[in-house]
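For reference, the structure I am asking about is given below.
Order of writing sets the chain letters: A, B, C, D and E. Residues in each chain are counted from 1.
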Amino acid sequence: METPEQIQARLAARFPAAAVTLVPNPAPAGMAALLVDAAHARQIAFFLREDPELKLDYCSNATGIDWPEKEIVETTRSTLADPAGGPPRTIEQKTKRIQPGYLEVVYHLYSMARKHGPVILRVRTGNRTDQVTLPSLTPVWRSCEFQEREIYDLFGITFEGHPDLRRLLMWDEFTGHPMRKDYVEPDDYEWEPTPHEEVLEKAKRHYAAPEKEGTP
Amino acid sequence: MLGTGLLKGLAVTAKNFVGSFHDPKRYTTVEYPEQPTKLPENYRNFPFLVFDGEQPIDGLRCVACKICEAECPPQCIYIIPDRDEKGRPTKKPKVFDLDVSVCMSCQICVEVCPFDAIKMDQHFEIATADRFNGLLLHREDLAKSDAYYHSIHPTEAAQVDEILAEAKRKAEAKAKPAAPAAPAAVKPPEPPAPAV
Amino acid sequence: MSPAVWFGEVGASLLAMDWTPAIASKLAPTVFPTGQTESAFAERLPLLLRDAVTGSLPEPWRWLANSLIAIVAIIVIFASLFALLTLAERKILGRVQNRPGPNRTGWGGILQPLADGIKMLTKEDIVPAAADRLLHFLAPVVLLALSIVTFAVIPYGRHLVPVELDAAVLYFFAAGAATELAIFMAGWASRNKYSLLAAMRALAQLISYELPLLLAFVPVVMLAGSLATTGIVAAQGGWLGGVLPHWHVLTPPGFAGFVIFMIAALAESNRSPFDLPEAESELIAGHLTEYSGFKYALFFMAEYLGMCALSGMAVTLFLGGWHAPLAALEFIPSYVWFAVKLLALLLGFIWIRATFPRLRIDQLTRLAWKFLVPLALINLLTGGFWVLTTHWTGGMLVVRWAIALVLVVGPFLALGRQFQARYAPRTYRYA
Amino acid sequence: MIMPDAARPETPAPSPVPAPGPSDAERDELRRHGILLTSIHELANWGRSHSVWPLQFGLACCAIEMIAASMARFDIARFGSEVFRPSPRQADLLIVSGTVTKKMAPQVIRLWNQMPEPKYCIAMGACAISGGPFKQGYNVLKGIDRFIPVDVYIPGCPPRPEALLHGLMELQDQIRAGRTAASRPTVKAAQASGDYPVPDFGPEDLEPPANPAIWQPPALVRPDKP
Amino acid sequence: MTTAFTPTPSGAHVRAVHDPFHGDLLEISMGPHHPSTHGVFRMMVTLDGENVVKLKPVFGYLHRNHEKLGENTSYLGSMPYTDRLDYFCSMTNNWAYALAVEKLAGQPVPERAEYLRVILAELTRLLNHTCLAGFLLQDTGASGTPLMYAFREREKILDLFEALSGSRMMCNYQRFGGCRIDATPAWLAAVRGIVDGYGAFLDEYEELITGNEILLARTQNVGVLSPALAVSAGITGPMLRAAGVDYDLRKVDGYGLYPRFDFRVPLGAHGDTYDRYMVRMLEMRESIGILRQALAAIPDGPIMDPKAKIRGFRPKPGEAYGRIEGPKGEIGFYLISDGTPNPYRYRVRPPSLINLTVLEDLCLGHTLADAVIILGSIDIVLGEVDR
């Protein structure tokens, strides 16, 4: 099978307007992912499915990942040559920058016809608000139908073009997106016989909370 | 011919019906309360604490290091180390609670324990109507003798004994050249090889 | 009090009685043409017991009392048979499935039905808020009543026919068919979607299976020349050479009729593999979904009684009724033979339940209309042929059997081939 | 309880279930006067205890062990309990066999409401008792006894089929003794209307998250910090 | 440019909704408490008479937040939770998770452990397919007998699991870089005994039911799945192969030691419920072959890689997707490590959930009774569907 780099090159040639970048994977399993922009994701997906070389007709896994806002401390080193001719001095400069949070959907693509894979496709949203949208790949691979519903439910990404986008696992009245990293669990703690620190913390919050109906 | 499949099926059920009266392969019921359940040696249900000697609480191998508490996936172990009058740790648990209403019998506490102090019990008849007292096992409930451990997991217990004896020999050999006044700073022995 | 003790006490009181000559005369042994003597006391014991109670009453009252005793006896005997049957079914199913079944309530589980009954009696009776209260209450009562009235015309022994009717068979099937209406009542009144589906299924099943059921015994009526159950049983008396009884099941049209009748009876009594109204894996409990407590027990009882009644009718129509299989076994009382045959058929019901999966509703109706009804119609022809050729002897007897067998087996094979063209085991390829 | 060989406080914890009905002495007294009422109760309880029909209702992993308990090796039929009724109207026993999620909890309580009295509940496995290994989950109800009175708790993950049989025998003893959870005075007083309140789906959690008439946990104490 | 796969439109089979002759449609909510939804699964079924015209599955009644818990627990701590995903097949779940972590950390596995994994996975396959056959027949209305025979054999295999790992269902046996407990010769002999007797059991079972005309009529041409739809919908496992697509990860990926074993992959031609049942029966016979070969060839040696860590396991940052051919289909784990003891993202690729994608397509036009057995033949476990 072609390497991700080759695929990236072909995609760049085929869709000049699309931004396709490689996301390296440092793990020993090492399989770089193709990061495509949301606007062209469906076209690229159709291409990957239909391309006779690749024939990625099977989307095994589709999942969301939450990357919250992160403070990145970058250390830049600049070497200054000593005008006096001494050994060069190294100046370390620490810059803090806030990497904006985003949500990401990862698709693992295989080919049943050619029995190869995987090709990993990533699509990212611009931010982490509740109104983030991505194109649905369900028209390309039916197997995304429930998995994208699950992502919509647990991560709060709206998929445009999904035939039936509803919550999959939680009930319809539910408002949160539990798989996001900043999700706060409901205060359903009342009693637990092994009082670990975090349990006590929860208990404190529970009993301090204004009288909720039904709690003793 | 139509119906042969049905007749064959009837023959099989008839064979099983008749067989259930004379063929032990076709009568597999173990009548539970009367006929004892044969539990394999490896069977595990809930953890217990091993004690050496006669005194259940004083002889506990547990040193209240809280490793199992930290590693327990569902967080069902709760330990408070004991301290003597001067506030020094006595390396014994003051409280060792196990919430069997949460425990999932995964045996990770046994695997991570460096002192072979916590082992898996085989007793499963613990159904109770007492929600708040019956399902929380305290130190006193959990402490069981080494002999009991030997009786339920003989092979594993023998291996554990060897490892403990080895560790003790090493510790003694190490302690001799050192100052005898040094407290029994026994380095925890390596975690035992996965038990058989 | 156990039955044995009860019988013992009654027997003792009988012996202590001052026997009137009228009763004593009944004790005279009957001499059969075969030379065997009937065990008169045993044969007539039920009647004697009855007469011991009612013998002294004046005539109109005596008739009433006799009828009441018959009713009570039927209800008591078949209710206890129902209780034992539930236990037997659970134990036999257990044995088929390699386990003992209920064995801890009483000795060997014998008290299990009692425990179930007590529990059912003391359960809360729930009527859904939206249900039709009257129909919801009536359905089990009607069902049970209809199941019980069918017992009236079955000859249980030589002298044991509760009601002798000329058109007993018609009466039986008229009452039996109405049970499905009670199921429909239950399904409709419950206001539950599953119950409603069950009700519809029950009606479809009723319409489909009434026909083969009725067609199946027409050859028997033709052979016996009577619609009365007593007449049909009488027609099956006697043995060929003392060993081969003249049962209808041993004639080609009778055998085919018996098989069709039993299949239709399975469907009629909603037993597996035709338990579609109650289909547990599809409709929760079908028409029973909203019934609790004793009403549910009544349904259960009605189902088993219906099964008993149909088996009893099958015994009467095809298996020689209360006649013994061998002339040498005549000395055993006739009602014992009836009971033995009845239990054998009931065992068959349980055995089939333990083995088969369930049909689908369209397959069920298709089986009835495209398979059983044609076979039953052809069987009518076979029956006619068999009746017309009763006088053939010698070499013609062989011809008679050959033609009848062809008429029975041929259509079966032809229809079976049609089925096998559609559904057959397959062979598989490997990658 | 547990502990064949270790020391254990001699006095058993007081049973939370007070035995209703007349005491043995009273019963004898009544019997002497020819009053049969008590023995009819006993007969009814005997019948009920030997004919506990469970609801055919599986939730999660424990349901498989529940099925296994009804299969040939263990054969719950010996106790007269193999009649797994799929309709709650004919069931006596609700075996909560597995994790009750918040999405499922209202339906479990509805099923419980649909069962006719007298009815019993067994919480089988860690998840049903307290949420078990999944108790930290946002969608997991931390124990079915927040909404339903439970007669017998069977810890284990999952409990062996034998443990379920043992729990069933415990339940039979309770039924025979006439002290089941639903007959507790507190429960009865709270459930005068007969129906247990079914919680609604809220935007974050069930509303209410527990039924205070049923769920009365003791105060939380920390042994080292009073 | 290309055809998009969209679900079959619901209601396409409604003949005449407002036709007074046909009457109204009946909407039934099957589940979450229903005897044949295999757990707390719910189908909103719309019926025209008894025919299904619309079927919407509702999930989440057993959503126990597996993935969230996995992100809050250590790598080892998630292992016992994987037991509880598909609670019939804890051994294969363990293996898939261990494989993913081993890929993530580059952890080798000793040969004996690989052999043990193959043996246990094939035993799990036997167990799962046997139980499926039992449950499927229970759904068709056989009153318990096939299920009882299936569970009779299941108990034998569970005894093996219990003797080896200490628990009947929740084995928690595999570790990153090997297995937890070594198999004794007596255990291997016991496996040999079970494997030798299994063929006879399958023969008897097939005699009981496979030729049964009622079963043939109930299952043949019911719920036909086309190969094109199967591939697009990501169907895996026996269900895919029953549709005639040759895709078995044991052959395709060749993970573990499967390339060493000689076995065949049975394929169906019709893709109906009968094929799904029969493919599983045939797969069991192949599994017996694999087990025989593995038992004959299993070497002595260590079962854990000496460098493998039990406590304090922290893989380097990166990600990995490990998948194996579970009995129900492709079970995969997608892990992202950020260098901490807990995975940053822990994702389970659940075969049961994805195989359910086509449930409505299979059921439309069939009756309610067929919908029940189609669901049964898909072989789902709710612990894995909802996680």
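Quick note on the criterion: a contact is a pair of C-beta atoms (placed from the backbone, for glycine too) under 8 Å apart; a residue touches a chain by one contact, two chains touch by 3 or more.
What you see is a predicted model; the values in this text were computed from it and never measured.
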| item | value |
| --- | --- |
| Chain-contact steps, minimal, separating chain C from chain A | 2 |
| Central chain (by mean CA position) | E |
| Contact-richer chain pair [A-B vs C-D] | C-D |
| Separation of chain D from chain E, taking each centre as the mean of its C-alpha atoms, in whole Å | 32 |
| Mean-CA-position distance for chain C and chain B (Å) | 58 |
| Where chain A and chain D are represented by their mean Cα positions, the distance between them in whole Å | 44 |
| Chain D, residues touching no fewer than two other chains | 71-73, 75, 78, 86, 103, 130, 133-136, 138-139, 157, 160, 217-218 |
| Where chain E touches two or more other chains, by residue | 34-35, 60, 63, 65, 68, 80-81, 84, 145, 148-149, 152, 155, 170, 208-216, 386 |
| Residues of chain C touching at least two other chains | 96-100, 280, 284, 354-356, 419 |
| Complete list of chain pairs which touch one another | A-B, A-D, A-E, B-C, B-D, B-E, C-D, C-E, D-E |
| Sites on chain B touched by chain E in the complex | 2-6, 8-9, 11-13, 16, 28, 40-44, 67, 71, 73, 104-108, 111-112, 120, 191, 193-196 |
| Footprint of chain D on chain C - complex, ascending | 90, 94, 97-105, 109, 111-112, 114-120, 122-126, 280, 284-285, 288-293, 296 |
| Residues of chain E touching chain D in the complex | 32-35, 39-40, 60-65, 68-69, 72, 80-81, 84, 87-88, 147-148, 151-152, 154-155, 168-170, 382-383, 386 |
| Residue ranges of chain C in contact with chain E within the complex | 93, 96-99, 193-194, 196-197, 200-201, 272-273, 275, 279-284, 353-363, 419, 422-426, 428-431 |
| For the chain D and chain A complex, residues of the former touching the latter | 102-103, 130, 135, 138-139, 142, 146, 201-212, 215-218, 220-222 |
